[in-house]
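Each of the next two complexes has chain A plus one other chain: chain B in the first, chain C in the second.
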Partner chain A sequence: MKQKPRVAVFDFADCEGCELEIADLEEEILELIDLVDIVSFREVMKEHSDSYDIAIVEGSVMRPMDEKRLRSIRSKAKILVALGACATMGGINKIRNQWMPEEVKKDVYGDADLKGNELFDVFKTKAVNEVVPVDYYVHGCPIDRDEFKMVITSIALGKKPEIPRYPVCVECKKNENICQFEVGRFCLGPITRAGCKAICPTHNSPCEGCRGLIKKAETDCVKEVLERYKLSYEDIRRRCTMYNYGREECSVDE
Partner chain B sequence: MSKDFSVHVEHVTRVEGHGNIVLNVKNGKIEKLQWQVVEAPRFFEAMLRGQNYNELRSITSRICGICSIGHSLASLKATEDALDVKISEQSDILRHLAIHAENMQSHILHIGYLVAPDLLGVGSVFPLIGTKHTDSVLKIVKLHRLANEMSDLICGRTIHPIRLVVGGFSVVPTEKQLIHLRKQLVEARALTQDIATIIHSVADKLPDFTRETEYIGLRSDDEYALYDGVICSTDTGDHPDHKNYQSIMKEYLVPHSTAKHAKHARESYMVGALARFNLNSKQLHPDAQEVASMFGLKPINYNPFMNTVAQLVEFVHSIEDSIHWIDMLLDKGIKDEKPVKVKVKAGRGVGIVEVPRGILVHDYTLNSKGYCTKANCIIPTNQNHANIQLDMEKLVPQILDKPPKEIELTLEMLVRAYDPCISCSTHYLDVTFV
Partner chain C sequence: MKQTIKTITKKDFSSFVNTIISEGTYDVVGVKPKGDHYVYDTLDIAAELRLNHDVTILPPKKYFLPQYEQLLKFSLEKPFEQKETLEATPRIIIGVHPYDIIALQQSDLYYLDQQKDDYYKKRRDNTIIIGADIQTVSERSFAKSMNTNVTDTGFDLLLTDIGSNYAITIGSEKGNKLLDKYATTKTATDVEIKKIKTVRDAVAKKYKQKVNLDKKDWPSLLVANYNHAIWEERSDFCMECSSCTMVCPTCFCYDIKDEVSLTLKDGKRIRTWDGCMLKDFTKVGSGEVFRDEVKERYRHRFFRKGNYLPARYGFVACVGCGRCGIACLPNIADPCDLINELAHFEREEDTGRYFIKEKTEMLEKGIIHVSRSATIKKMKACNELDTLFEIELDDKKPLGHKPGQFVEVSVFGYGEAPFGISTPPGTSPMFEIMVRRIGNVTKKLLSMQPGDKVGIRGPLGNGFDVKSLEGKNLLFTSGGTGMVPMRSLINYVLDKKYRGKFKDVIILYGAKRPKEITFMDDVEQWKKGGNVQCELTVDKCEPNECWGGCTGLITTLFPKIQTSKLDSKNTIAVVIGPPVMYRFVIKCLQTLGIPDNNIYVSLERRMKCGVGKCGHCQINGIYCCKEGPVFNYAQLKNLPEAFE
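Moving on to the complex of A and B:
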């Protein structure tokens, strides 16, 4: 019998919610264990091995010491999967990239002397693929458990996972939701990658774009939205950069 | 006996976030003993600057995956305090249910997946599957799933809730859904008793260690305080001025930690389930009190390892109190309410709630257009770091004659007992290194 692929889970700067989504698979995690061997997963297990085929990496990269750890993980893994918005595109961790690292440090830690202290040596937030090559992406903040299962199962079976490149609106329509624009809210559904089952609009809240933008926010369309819903350009810019700061559109291979 | 050895646990496992334990012993003397928090700082307070009042909840939820409901509620309370928004009675009850759901989810995860392996002598729950403990693991999984389903129902999603919005709820559960949830909670009673019995059978593995310290948490005349109350200390009593929380939670920075530390009347204090138990145990549901006496847990208990037992006690309370709130909702009839309309104005608001790991504060200042100009968050785990360090300093000399591996495990267990949630961020100005 062919040996099961060995999987290790690692985390960087984030809330660890996507790892928790894996734990929240509950009994279904047993189905995954049939396909792969989990050899490292610090959040829930003490056992650890440096010998693994697939590295699942959660979180953004903030400091040189994190960059070094990530490169070392990449060098040991045949396949690297970026897990969740912080890893796939920087997510909300990139909101701070509109200011210089020194400025945000002062904001949070005041005048404390942090020079030469590597723990505090932050650069602008980077997504995982800004440091090392990424093979597969599991999008979202947090990830969708079913999509995660599908991606890992596909990789274990040697298939390429199918990730939607159509907008959230498609799934939202399928759920027969009232359009968020109709109730007077500004929603990023029309330009955000689907795959989340349109969970936010389904709970009567606008999409915030956590799975990445699949289209540029068209200027004309934006103008029309601004007028119709009496929104300011600043409102839309802020919403578009909550998860997608510094990104106009995902590349096709994501 | 004089001996040289060192313990260096890089990235303690089965905790949320990244922390290290460093112990160097030379000639039988402790040269260095440190609890280090090496998590990358995330700068949430900076991220909130310039955000609209409606978006603060979404962003701060991302401080922590495990307590995202608690962060959301603290955030909403702060925003609503700043904007003078009063939510309806129904929303208030639903928020009580939301906080119970999170407490249950987080506590059972900690008790079952993070602490139980130490008590059963394994590295994680995985090796327990297929052994005589399979049934216990499945019971824990079942309770964890129930807590998550309850969160999904009330909040739309367990991790990063959706339905919790300024002024109330974007969607409320139906009567039928609440009746179903009630049934599940009633069924969970027996399962929880089974888990209590199992934990009780291995409770002798919890180290018998005490160190007097201060306990801080919310207190209320009306109930076992989780969603609302006044700041209270076992040393100094009630502190009703919630906006003046910084006079109680005095934060400071240390060079080996990216998370801030905090103190109040003593060198350190503790927050979390044990602190709440020590402050408010009389208000627990009788069934929860019964579990406490089964473990000999009485206030004031100074053993940090008993925090896990206090979580189990709270789990029982949350089941019973949730049933009580659901009955009240069903009795009144659940209404399809829209969130309260907000009139934007300038102001400062402070929201304080008890989350699984302790008292949590969000403090926002909004300008006249409703944009955030200043934010501060006081995270439970940060308030515990100094207490963990001082516990280690008292504990290690008592166990120095044990084999290093055993010392290492005991220190790891101590850290785990606090159920630290290290990913949580921090901030605040005028800090100095000590």
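Moving on to the complex of A and C:
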């Protein structure tokens, strides 16, 4: 029998929620471990191995020590998967990039003496692909479990996963939701990559853009809609800061 | 025909619905409130049902062409195992407004034409439609001006609220039986029958939106304004979200993909709604996107509704429900606004029709989207990029194709992709396709071995009418992988059995690089034949590449044609190549004096379903997979999208 690929799951700056989504596969986790050998997954097991084929990396890179660790992971893995918004695009951690790292540090730790302590040696937040090449992306905050399974099976079959390049509206309309704009909320669905099954608007909450933007926020059509709904550029900028600070459109291969 | 009309008290109607629900034979669906809106959903009790709704968010289309639908189950472990999932729950849908009933009649014409969709049909057959006359007019609806606010057909039963009772118009035997079995009704009195008309007339007065042009005039209005600035002006505000097509009762396009279980043991082939406003809608394997600009996609949506489908089926594919107007955030999707605005302008010159009338036939003999089992017999690398696959149908029957036709090749778990057939027609069950690594299907095919199984649908498309080439000089021009289908035609023409029927043959063949030349063995054979001139060129040749031939674009070969041989009026030219090639080659052919109707081309588009249903391969009003891929150039003048 063909040897199963060895998979290791790692986390950087994140809430570990995406790893939790994997753990939450419940009975399907049995099928997952039938498909792959999980050799390292700090959140759910104590064993660890440095010998793996596929590295699944969650979280953003915040410090030189993270960068070093990520490079080491990349060097051991044949395939690297970025898991969740913190890894795929920096996500929430990039809110911090509005300020200089030193300002942030001062704001959080005041006058505490952190000199020489590499744990506090922070630079501007980076997504995984700003440090090492990424082979596959599982978008979202948190990830969608079905999409995660689809990406894993695609890797196992050696095929390119079909990640949507169309907006959340497509899935939202299929779910027969009432448009968030219509109930007076401002939703990033029209310019955000689908694949989440429009989970937020389906549960009556506007899209926050966690899977990345597929259209620039600063375009005429967006402006027109904002005006129609009495919103300003400032509103959209603020909304995009949550997950898309410093980012424009997603690249085609993400 | 005079329809039977009965009446039922509202209380009895409730018991009728409750009885059917509790009996459990049918999934009883009705209009239910959702926030300030309405949706079709399964009813638990009759009290949930609303019949005074304005419009539902989605049309009842979702019960016949679901958002997400399993077509097949397949095994990844067994060599070739598939099971089509032709299942349909018996269902009753209550509260369908006349415009939605008319939209369903339109989708019947679309899905149940010569090429019937078995999945759709099964659901349609298993569903009873209980319509309801409109009581509340939706803000954006313009159904009155589209004559879709009332209907006499298309339903099994139709309810009209005439006060304390509902009048029930019986539209079918199925409806009649249902009523007999479950309901207490009375025959309607003349007064009650008159009341139906009074009620309808009163509601008809409430429409705020009105399209100012009779729908029979939409096609000519659109045709006259194909190049109007309005498409660009309005689409500048388009968010390309395709919400307009998602909520539309007459948008029928879909995509198909394979999903695999986590065990990798099995999977399913899924059909899901797609939208022509999305950029990737037309994207083909090589990465080419047709209708690349938003304005082109925006125009396509209206032309499909107001020109292409009317030309084909005789109906304007808009029923005035107003859903797209509600769904579109920048408010540019509403056909009522667009037509009214367009009707204001003076009409531009009529630039022609965007449709070719071709006869349509049943393309898939079996169940739609189900492929036949076949075996890879041989795989032979042709050059660095291309591998020739010899495939045999497992029923050992010949494919029965014409040159220029294509097949859809399935690899379960990876998907399905179209391939031109490169062998001439014959009695052998073997045929050949050329595989170049482009996407998931081709990548997988290249990793397979002789003996492995694939699925085949086809032959599909029209192919060349070889009879029309008889007695003529033939000039074949192909570029790149265009040689794949061309080889089928050339080898047919040069076959000893048929060679006498054709006159001189000239073959011009260009590839990007020497290493991309395919069928070199064939080329050598062709050169040996009598009265055959065969010229090759490559766009570029690196110093380290071995190439003694001509370099330059395909057009550089034209001066080499021995024109003494060429009686242009008695020459048929066939051109197959990448999209960029056509314009230049056709110019050369015209310079040679070859009339347009002596030029044939084969076009590449995204042939997803291959049977003229999914919408991806549309070139203006035609389906490239069904009415093409082979076209007479003179006809293509009607299709500006052909070479855009």
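A few comments on the model shown:
Operating definition for what follows: the second predicted complex is superposed on the first by the 253 of 254 C-alpha atoms of A that agree within 3 Å, B and C clash if a C-alpha of one lies under 4 Å from a C-alpha of the other, contacts with A are read in each partner's own complex, and residues count from 1 in each chain.
Everything that follows uses one rule, which is that a residue touches a chain if its C-beta (ideal position, glycine included) is under 8 Å from a C-beta of that chain, and two chains touch if they have at least 3 such contacts.
Quick caveat, the model's predicted, so the values are computed rather than measured.
Touch counts on chain A: comparing chain C and chain B, the chain ahead is B. By the touch criterion stated above, A:68 is placed in contact with neither chain B nor chain C. When the two complexes are overlaid on their common chain A, residue A:203 makes contact with chain B while staying clear of chain C.
Of the two partner chains placed by superposition, A:237 touches none, neither chain B nor chain C. Touch criterion not met for A:78: it reaches neither chain B nor chain C. Once the two complexes are laid over each other on the shared chain, residue contacts for A:19 go to chain B alone; chain C is not touched.
Touch criterion met: A:156 reaches chain C, while chain B stays clear of it.
In the superposition on chain A, A:32 contacts chain C only, with no contact to chain B.
No residue of chain A lies at the contact with chain B in one complex and also at the contact with chain C in the other.
If you check the complex, the residues on chain A that touch chain B are 11-21, 23-24, 26-27, 30, 33, 38, 41-48, 59, 62-63, 66, 91-93, 95-96, 99, 103-105, 107-113, 117, 119-120, 122, 141-142, 199-200, 203-205, 208, 235, 238-239, 242.
In the complex of the two chains, the chain B residues touching chain A come out as 11, 13-18, 38-43, 45-47, 49-52, 55, 58-59, 62-66, 68, 109, 113-114, 117, 123-126, 129, 138, 141, 144-145, 148, 156-160, 162-163, 165, 170-171, 253, 255-258, 423, 425-433.
Contacts from chain C toward chain A in the complex involve residues 34-37, 39, 57-58, 62, 67-68, 236-243, 246-247, 257, 259-264, 272-273, 275, 278-280, 327, 329-331, 413-414, 439-440, 443-444, 447. On the chain A side of its complex with chain C, the touching residues are 28, 31-32, 34-35, 149-150, 152-153, 156-160, 162, 165-167, 169-170, 173-179, 181, 183, 189-191, 215, 220-222, 224-225, 228-229.
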